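Per-chain residue numbering starts at 1, and chain names A, B and C are given in the order in which the chains are listed.
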Amino acid sequence: MAAILKAENLRVEFRSREAAQGTKVALRGLNLEVNAGEVFGYLGPNGAGKTTTMNVLLGFVQPTSGAASLFGIDVRQPIARQRIGYLPELTYYYKFLSAEELLRFYSTLFGLSRLEADRRIDELLKLVELEHARKRPIRTYSKGMQQRAGLAQALINNPDLLVLDEPTSGLDPLGRMKVRQIIQRLKGEGKTVFFSSHELGEVETVCDRVGIIHQGELKVVGPISEIRQPRHANLEQAFLEIIGFETQSAS
Amino acid sequence: MKTILAVAGVVIKELYRRKDFYVLFIVTMLICLIMASVRIFNDDKIIRYLKELCLLLVWVSSLVIAITTTARQIPAERENRTLLPLLAKPVTRTQLLLGKFLGCWLACGIALVCFYLFFGALAASREHQWPLLNYFQAASLHWFMLGIVIAMVLLGSLVFAAPSSNSTICFVVVGGILLLGRHLDSVALTLPEPVRSVFLIIYYSIPHLEFFDVRDLIIHDWPLIHWGYYGLALIYGIGYMVVFLTGASLVFRRQSVN
Amino acid sequence: MSGPRIQIWFLILLLVVCFALACPLQSRFVAWPGSRANGDVFAITLGESRKLFANEFFVKADSYYHSGFYPTIFDDNRAFKTAHMAEDTGAVNSQNHGEEESFMGPPRNWIDAFGRHFMPDRHTHLDEGGASGDLSGSEGVREILPWLKLSADLDPQNVQNYIVTAYWLRQRMHQPKTAQEVLLEGLHENPGSCDILFELGRLYAESDHDTNRAVNVWMAGLHNWRPVKGTEDEVAANNFIYEKLATQMGAEQADVGNWQAAIQWFEKAKAVSKTPDGLQQMIELLQQHHSIKPKP
């Protein structure tokens, strides 16, 4: 299978605000490939480097060294983002716009025609169950509704690759279930999904492969079964073992 | 261009869906109407004080709208994290900045049209004349001045983290230029070196916004500004807008998004 | 007693104390010389600092008189030391000298030269048609009145406000009654002011054609006049109004044929005048025409 997301030897250093601390290394020579049509779960504790990886892949942060590409195009080129959809964590969309206006705005950025945009907007609002609230300003939406509106904007260009940063964080169980259903539906449509999460159960349900990152290093990559079997444990136990939780507590 | 216009469209929608503009417009209208109702020495033909007051309020309001609207654009995108999905689309940072600039400038243009129409109606009700070309020159130069201010504030919003500090600094700078910009070289001559050189450098590098303040043209019915000089002033304004936007683009390109 | 009840009683007690204190304090406050309680809105909000604003508005009126063509503090304003709108009334001692047209001097650099295309560029007076130069529109001088009114409201002790306002109301707006009201208001604020009495006399003489009343008012002005000790400008301004009053009296006496009395008034005016030659010529002319021997 062809890799549509590729990171090669990525290293990201941030200058710390306090001079005494020097620089902070967020990613240490990260190598990662995500293949077309798979759902890839990107796991790691807080501060492990998940969001930094996504930021580099989306061109928000310049890597100190190494390279990243989407569909074979350098991520620094805006055209590399033509076929992707991105849902960031905890985003408060333009409160003065309605969901329909928000989606129309993003559709214009992808250069969709009026007719195509109308069709996509109708489809997506139905998919994320926001049809009834399409004309209402986003400021009147609940958190779950806002997250679903965010998911709709990520899908407006019918992307081949979907990058989701903790898509279920802050949602109630019903909201999580709905998001999970949408991801599974996208998987069924053959889309590639690259998403980060703390919810290991959710990852286990929807992912083909996972990667576990800790302290800026990718510790393990592979199908969930391959990660669990050698350790004779469930994903949560395997995850804790990989990030060295047991070792730390023992010491 | 479609991308820039789409971003600009959102900015314009934001302006007319927020209450700031309406509050300023209504306050301006109320103050002017109250002042217009005052009869001084039983003479209802006295108009220039009213024109001056109304234009002063229009200038203050337009600057408030331009500075506060622009100053919150990028910081609000950062704070609400809408910058992330926006830049995850095939949009360059320069396109985003140009869209924000165009949106704020057009929004201010729409606000100016409303203000000047009200002002024109008020003045015409007493003067029974409407020197359209004078109004056109004054309003268009005013709009171009706002363009420079908006570009400057956009650059400021990338340099200063808090919109409030950016707004305050920009208000002080714009007010200072309008009041003292023309005389900075005279002030410099009274100062010892090296302060004199610093003042002269500032004098030659700041945008001279006072060129665009031609309120006397409509208050005191002065003849029109020569169209050649009018055109040069517009080019001068565009030049400074390009300078500030280029600076903003260079700063923005080097910044991490979050 | 429970806590909240104590608090309520304490609150009531405080209210009673405040009310009891307010009664004696109110009368003392009103009687206090520095109290703003009896003043208008400007006096209450701005206090004595309103006089600073008053001067700004007076200058603003003169700027309007020039349709905005006016020097700033950075320009050579020697020709604008005395407001032209006041100077043109003939009732104010002028301290102006220098060029009126070129107060900005030659352009200092290209920015200055370019900027001058965007500002008023001719010296005009509103009573002469203003920027349009249309003399039929000389009533445009009305535009200075709001600022003068504001200036007078802020500083009722500045007599120039009343004189200038009344003069233009009378001369260009053809409102002698309103002008008289303005002057009487000024007299109320500045009892016995020689300047206001001079202008009031002119109003009676020129607009009402009531010479007797004018002479009485001028006589009152002369009676109130006292020499002052102060700066050169203050002395000159004080002498100027005496000269104007005495000259008016001289002219009135000459009109009714009292040549001797007229010469006496002109002599008095000459004694304080900065330009006595003109008055001397007048005196000599009267002496020649009416064969009056000069006083030894």
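Just so it is clear, a residue touches a chain if its C-beta (ideal position, glycine included) is under 8 Å from a C-beta of that chain, and two chains touch if they have at least 3 such contacts.
Since the structure is predicted, the reported quantities are computational estimates derived from the model, not experimental observations.
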{"item": "Graph class of chain-chain contacts, one of line, ring, star, complete, other", "value": "line"}
{"item": "Closest chain to the centre of mass proxy, which here is the mean CA position", "value": "B"}
{"item": "Chain centre separation (chain B, chain C; CA means) in Å", "value": "39"}
{"item": "Centre-to-centre distance between chain C and chain A (centres being mean Cα positions), rounded to whole Å", "value": "77"}
{"item": "Contacts with 2+ other chains: residues of chain B", "value": "none"}
{"item": "For the chain B and chain C complex, residues of the former touching the latter", "value": "40-43, 45-49, 141, 182-183, 185-187, 203-204, 208, 210-214, 216, 219-223, 225-226, 229, 232-233"}
{"item": "Touch list for chain A against partner chain B, complex", "value": "51, 55, 58-62, 78-79, 81-82, 84-94, 96-97, 101, 105-106, 108-111, 150, 153-154, 157, 163"}
{"item": "Contact set on chain C toward chain B in their complex", "value": "64, 67-68, 72, 74, 108-109, 111-112, 114-115, 117-120, 130-132, 139, 142-143, 145-147, 149, 169, 173, 175, 178"}
{"item": "Chain A-touching residues of chain B, taken from the complex the two chains share", "value": "2-3, 5-6, 9-10, 13-14, 17-18, 80-82, 84-92, 256-258"}
